[in-house]
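In the two assemblies presented below, subunit A is common to both, partnered first by subunit B and then by subunit C.
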Partner chain A sequence: MATDSTDTTRSPVLSVRDLVVHFQKKSSLPFAKPTSVVHAVCGSSFDLFPGETLGLVGESGCGKTTTGRAMLQLAEPTSGSIKFDGQELVGLSRKEMGEIRQNLQIVFQDPFGSLDPKMTVGQSIAEPLAIHGRWTDEEGPGLVAEAMRHVGLDPKFASRFPNEFSGGQRQRIGIARALILNPKVLILDEPVSALDVSVQAGVINLLADLQEKFGIAYLMIAHDLSVVRHVSDRVAVMYLGRIVEIADKVDLYSAPQHPYTQALLSAAPLADPKAERQRKRIILEGDVPSPTNPPSGCRFRTRCPKAQDICANEIPDLIDRGQNHAVACHFPEAMKII
Partner chain B sequence: MSIFRKKGRSGEKIETQWSTAMRNFRKDKMALTGIAIFVIILIVALVQTMLNPKGWSTLTTDFAKPPSWHHPFGTTDSGLDLMSGCLKGALQDLIIAVIVSTMALVIGTAVGAVAGYFGGLLDSVLMRVVDLLLVVPLLTILIVMSNIFSSGGGSPLAIALLIGFLSWTYISRLVRAEFLALRERPFVEASIALGASSWRVITRHLIPNAIGVIMVNTTLTVAGAILLESTLSYLGLGIVPPAVSLGMLVQDGQGSATTSPWQFFFPAGLLLIIVLCVFVIGDGMQAAFDPRNARRRK
Partner chain C sequence: MAQPVVSVKGLEVSFATEGGMLNAVRGLTFELAEQEVLGIVGESGSGKSVTALALIGLLPKTAVVKGSVEIDGEEIVGRAEKDMYKMRGSKIAMIFQDPMTSLNPVYTIGWQIIEAVRSHGKVSKDEAKVRAIELLRLSGIPRPEAALDSYPHEFSGGMRQRVVIAIAMANSPRVMLADEPTTALDVTVQAQVLLSLQSALEKTKAALVLVTHDLGVVAGMANRVIVMYAGRVVEFANVDELFYRPSMPYTHGLLGAIPSHAEDSDERLSQIPGAPPTMLNHAGGCPFAPRCPLAQDVCRSTEPALEPVATADGSVHLSACHFRDEVSSMPVASMFKGAEQILEGAEDSGH
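The block that comes next holds the complex of A and B.
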């Protein structure tokens, strides 16, 4: 992927500030007050620069998918700001958002479910054109064929149905559908986690090629650390709805500062069996607290080996500690894990 | 989207849901028999009514004659040719059934789609209306309403509209349930993420994916409509002479069921055969559209 690391003088294409997404669990009785609130995302901030890949990692339920969905207003932000090319997205009407969607697309996790089984592949790929009124009978088929070639599919399969394709091929179809409008930003919601490992590499390399060719910025949501490491320029780590650490890939993997990142990295297996045997694993105690009732202060404090009184009382800010390495911890300390 | 024809540009054969369903359907001997009988009745009724349009209104001097060459189904007490009546009545019933099932299809799908897709308050209100129509026995409403309508002449169209207006509840519930499940599918979200309007999501994605359920139940509504109309006519609340329906003939003939049984058994038998045919066709479609069945049937 793009090799140059983030340059702060560039303006971000996607800028998220203090994003909060709460889900209200509705009571089954009408007119009753909502019984509980799920704090899915709680004050996340990050920037995505043109042409780069920002990896967003974290365990299931930490809010990374919700963050991605909020970008496209598939999940409604409770508060905060999402700016695309300087334009505020939160509170936009459906119509106004439609214009933005042409530049902001998403590839979904499930390649089997994200294609309409009753539509041919060509129809699915052409749908964005039709929705945005850009389909013409003269140019449309050519654009579809071009998009299919870009993702390594033979255009003659345009008239087939999704059930005739493998998972990897379907994910390519999903990517073609997202690409056909030439978006500036692509949100990749675990694009390879549903695929076989052998197929993953193909799709990831395809994404890298496409980025190089079209200069698209990726927000790559994933839980597989090795995939994220391979793909990303920068990596953000999420825990229970908050970003705890965000840094250039090399920095983050070589010198993680947040205790959660350190624990996460220490859990990723190493290819070298000798190194794997020698290294120290950080075992976290307990489970992730429920997002309906998150801990006060630092959300990680209930499981953090360094937790002090201050952690329960004060929410640690995400502070840049040099070289664009921001950490949200009262006691940050670089530690070599891998 | 009519972007690509169903046939591939390179000419290869494409397996659509329809072609799969039709292929399954063609293997279903029961359903094919049903269709064959149904079509034969329809053609005979059409031809007979066209060749002899006054068959049912021409009085003869043959009063209550048993079936013969001249009157294959016999005649009524008042000397009318029963075969003309039965076929005309069957045709009338089928026209009513088509109107009813079209109405049920349109209203039921629309209400079910809106309730299932948008949910919330709209869903609650619509479903309470459906509940209301379902708890009050349909026949009671029909009897009350048809009394009002009958004063206007009890025309077949009025009866059809009346039944149609009350028969969509079942389809709407099924479509709603189907939509509730479908709208959670990722491809619906994908379409919304692309910026598709609700109208587009419903018409391009949800309805095509629910078409099996809709088709099958529309077919079954045809049978229900025929039976309902017959019940109404039997009760003397449906079609009024000079129009004729099978239910009306059954009602007329039941008094003579022991003395001149053909007056009862021919219209009743025809009614039974038609309804059976429609049920068998509906069953066949159900099996044809259900992919789990496709494998079992091979």
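The block that comes next holds the complex of A and C.
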């Protein structure tokens, strides 16, 4: 169904088609039937090309984190296909997936929860090597030191524990741990949202440097539109489990076509008082509906200023409207948002 | 300026800790008129939340507060809790970051608003109910009559925060304090809540002290801005002056660190090397000097006073920097280009 921005000249390193992830919400009583299904991701399709950054933005509960976790089978896909370098990942055994994970690593949001407080920083960074049987006493310590240097940490602190490091430094440790296996793809799940702005800037710069140096592809999951614009080549916007718009970043930010993307951009504040005074905000009514009982047809229709009857009856496909700019809307219209 | 509704002079807050005195706020002075919005920005631990708590007298008993906070001519510092109780809500109201914990989960929304309305002055239950419905409508709650019988858990985060705003404006306070009011919310919901806050200000004519780390929110809401660093005001200016002519290197660093969603830039973000200092036993010198690319010997030995910078429009623009005039004429964040640290190490484990 969905024809998203597929580039025929390059082959994607990660190719996702019609990904569906549902969670059974279990009843708290024993032997009771499962009460409801959370439709976390419903038919997402996108490609990630080598060395590029695809930003995945949306508000809480839109399914962006679940999408990221599904890439690593940390959330089990209900249906659909995820291909890494042409190889299908859905349905792989734990062991087979383990092999592939060397090329597919993740950096988590919380720099405090994602490091084991009882392991030294060096041990944490070395652990992926040990898990994949690549640790040797001769080369291991050198690799750890190199990974620390790559992320801007002094290797002489490898014997320290996480509590001695600041939030930004811990996030660098998490990045070093993900890098040590030389992955081709890095899933970045809100890597800077827990950090203060001045520290956040350092981590964003670091990620750009690493991509330039190693040609890693990033799937950057974030809610901050400004950060995503800064780091991404292409951007996908998610709403309630579906990708509603995907395009090159310049197209998406300068001429968004989906009413949700437009509202999102118009609501995001700008650190520019003169621009702020001139802005006309599109204020959406109400809240995001529950993913256990999503609206029929277009999921955005309950809050959409353009909604018509057709929006309740037919799910709009994600259709390429030229220049790899795909939109899932019955009434798409490019609009400049200030 | 007309008679200010808030007047803070030389406010200092410190806590006695095992490691010595922790100076959370050092020498804060400002005045605010009706309907004025003061943004207080700074990073974690800069003292901005402690400032807000000091203004409404909610600091723990262990806090040592000096200086003066006058609201509508009445002194807050040193006031007995019993008197303070009367002022909260009627003269000064607070909107906290997390609307789940600032509403009581076992009472209905209606009960909580009616309680606020009736706690200051004689109002009958029926009158209070009418007033509660009006307050909910003003803060943008759809179907306010039905909302009265709802419990907080039935509302989303944005709706709850609007209920909190309704309660805050219930007694037309002179000042509202909002501590990161939209940080827990999604961006489309943030826009709704900020709109409610603006209409609450118009309705009550209150002044607003908006504590936030989000410079975008400040740019859209504030008239004047205080930048705090290590418990100190390092810059104070009206919003345009602050964003377009920052006069303290730390402000430059903050502004250069945030990307924009309105334009493309392949430029690197400016990153401030190092980490904020601990506020224990301040040693002297400018607290930002260890991270400042422009720091000279004088910065390490003498703490700069908060003094005026020349402005084109004659507005008050204060900066705590020995080189404030040079810094104010530099392009934003230019001094941080190439100032990145090569390798970072762990913090010294002295605390």
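Rule of thumb we're sticking to: the second predicted complex is superposed on the first by the 329 of 338 C-alpha atoms of A that agree within 3 Å, B and C clash if a C-alpha of one lies under 4 Å from a C-alpha of the other, contacts with A are read in each partner's own complex, and residues count from 1 in each chain.
Here, a contact is a pair of C-beta atoms (placed from the backbone, for glycine too) under 8 Å apart; a residue touches a chain by one contact, two chains touch by 3 or more.
Everything numeric here is computed off the predicted structure, so don't read it as measured data.
Peer 1: Looking at the overlay on subunit A, is there a clash between subunit B and subunit C, or do the two fit?
Peer 2: fit
Peer 1: Quick one: classify A:Leu89 as touching subunit B (first), subunit C (second), both or neither.
Peer 2: In the superposition, A:Leu89 touches no partner, neither subunit B nor subunit C.
Peer 1: When both complexes are superposed, which of subunit B and subunit C contacts more residues belonging to subunit A?
Peer 2: After superposing on chain A, more of subunit A is contacted by C.
Peer 1: For the superposed three-chain arrangement, provide the angle subunit B-subunit A-subunit C between C-alpha centres, rounded in steps of 10 degrees.
Peer 2: Taking subunit A as the apex, subunit B and subunit C sit 80 degrees apart.
Peer 1: Could you look at A:Phe165 and tell me whether it touches subunit B, subunit C, both or neither (first, second, both, neither)?
Peer 2: In the superposition, A:Phe165 contacts subunit C only.
Peer 1: Is A:Ala326 touching anything from subunit B or subunit C once the two structures are fitted on A? First, second, both or neither.
Peer 2: Neither subunit B nor subunit C is touched by A:Ala326.
Peer 1: Which of the two partners, first being subunit B and second being subunit C, lies in contact with A:Leu153: first, second, both, or neither?
Peer 2: A:Leu153 contacts subunit C only, not subunit B.
Peer 1: For A:Gly113 in the superposed arrangement: first (subunit B), second (subunit C), both or neither?
Peer 2: In the superposition, A:Gly113 touches subunit B alone.
Peer 1: Kindly classify A:Gly98 by the partners it touches after superposition: subunit B alone (first), subunit C alone (second), both, or neither?
Peer 2: A:Gly98 contacts subunit B only, not subunit C.
Peer 1: Does subunit B (first) or subunit C (second) touch A:Ala176, or do both, or does neither?
Peer 2: In the superposition, A:Ala176 contacts neither subunit B nor subunit C.
Peer 1: Would you give the minimum C-alpha distance from subunit B to subunit C, in Å, for the three-chain superposition?
Peer 2: So the smallest C-alpha to C-alpha spacing between these two chains is 10 Å.
Peer 1: Overlap of the subunit B and subunit C footprints on subunit A, residue-wise?
Peer 2: 156, 160
Peer 1: Which residues, counting only subunit A, touch subunit B once they are in their complex?
Peer 2: 30, 72, 74, 94, 97-98, 101-102, 105-106, 108-110, 113-120, 122-123, 126-128, 130-132, 135, 140-141, 144, 156, 158-161, 174, 177
Peer 1: Along subunit A, where are the residues that touch subunit C in the complex?
Peer 2: Per the touch definition, subunit A meets subunit C at residues 59-60, 149, 152-154, 156-157, 160, 164-166, 168-169, 172, 196-202, 204-205, 208, 223, 225-230, 249-250, 253, 263-276, 279, 281, 283-288, 338.
Peer 1: List the residues on subunit B that touch subunit A in their complex, please.
Peer 2: For this pair, the touching residues of subunit B are 1, 3-10, 12, 14-17, 124, 185-187, 189-197, 200, 204-205, 208-209, 211.
Peer 1: For a test of understanding, state which residues of subunit C touch subunit A in their complex under the given definition.
Peer 2: Per the stated touch rule, the residues are 43-44, 142, 156, 158-159, 186-192, 195, 213-220, 239-240, 243-244, 253-262, 264-265, 268-272, 275, 340-347, 349.
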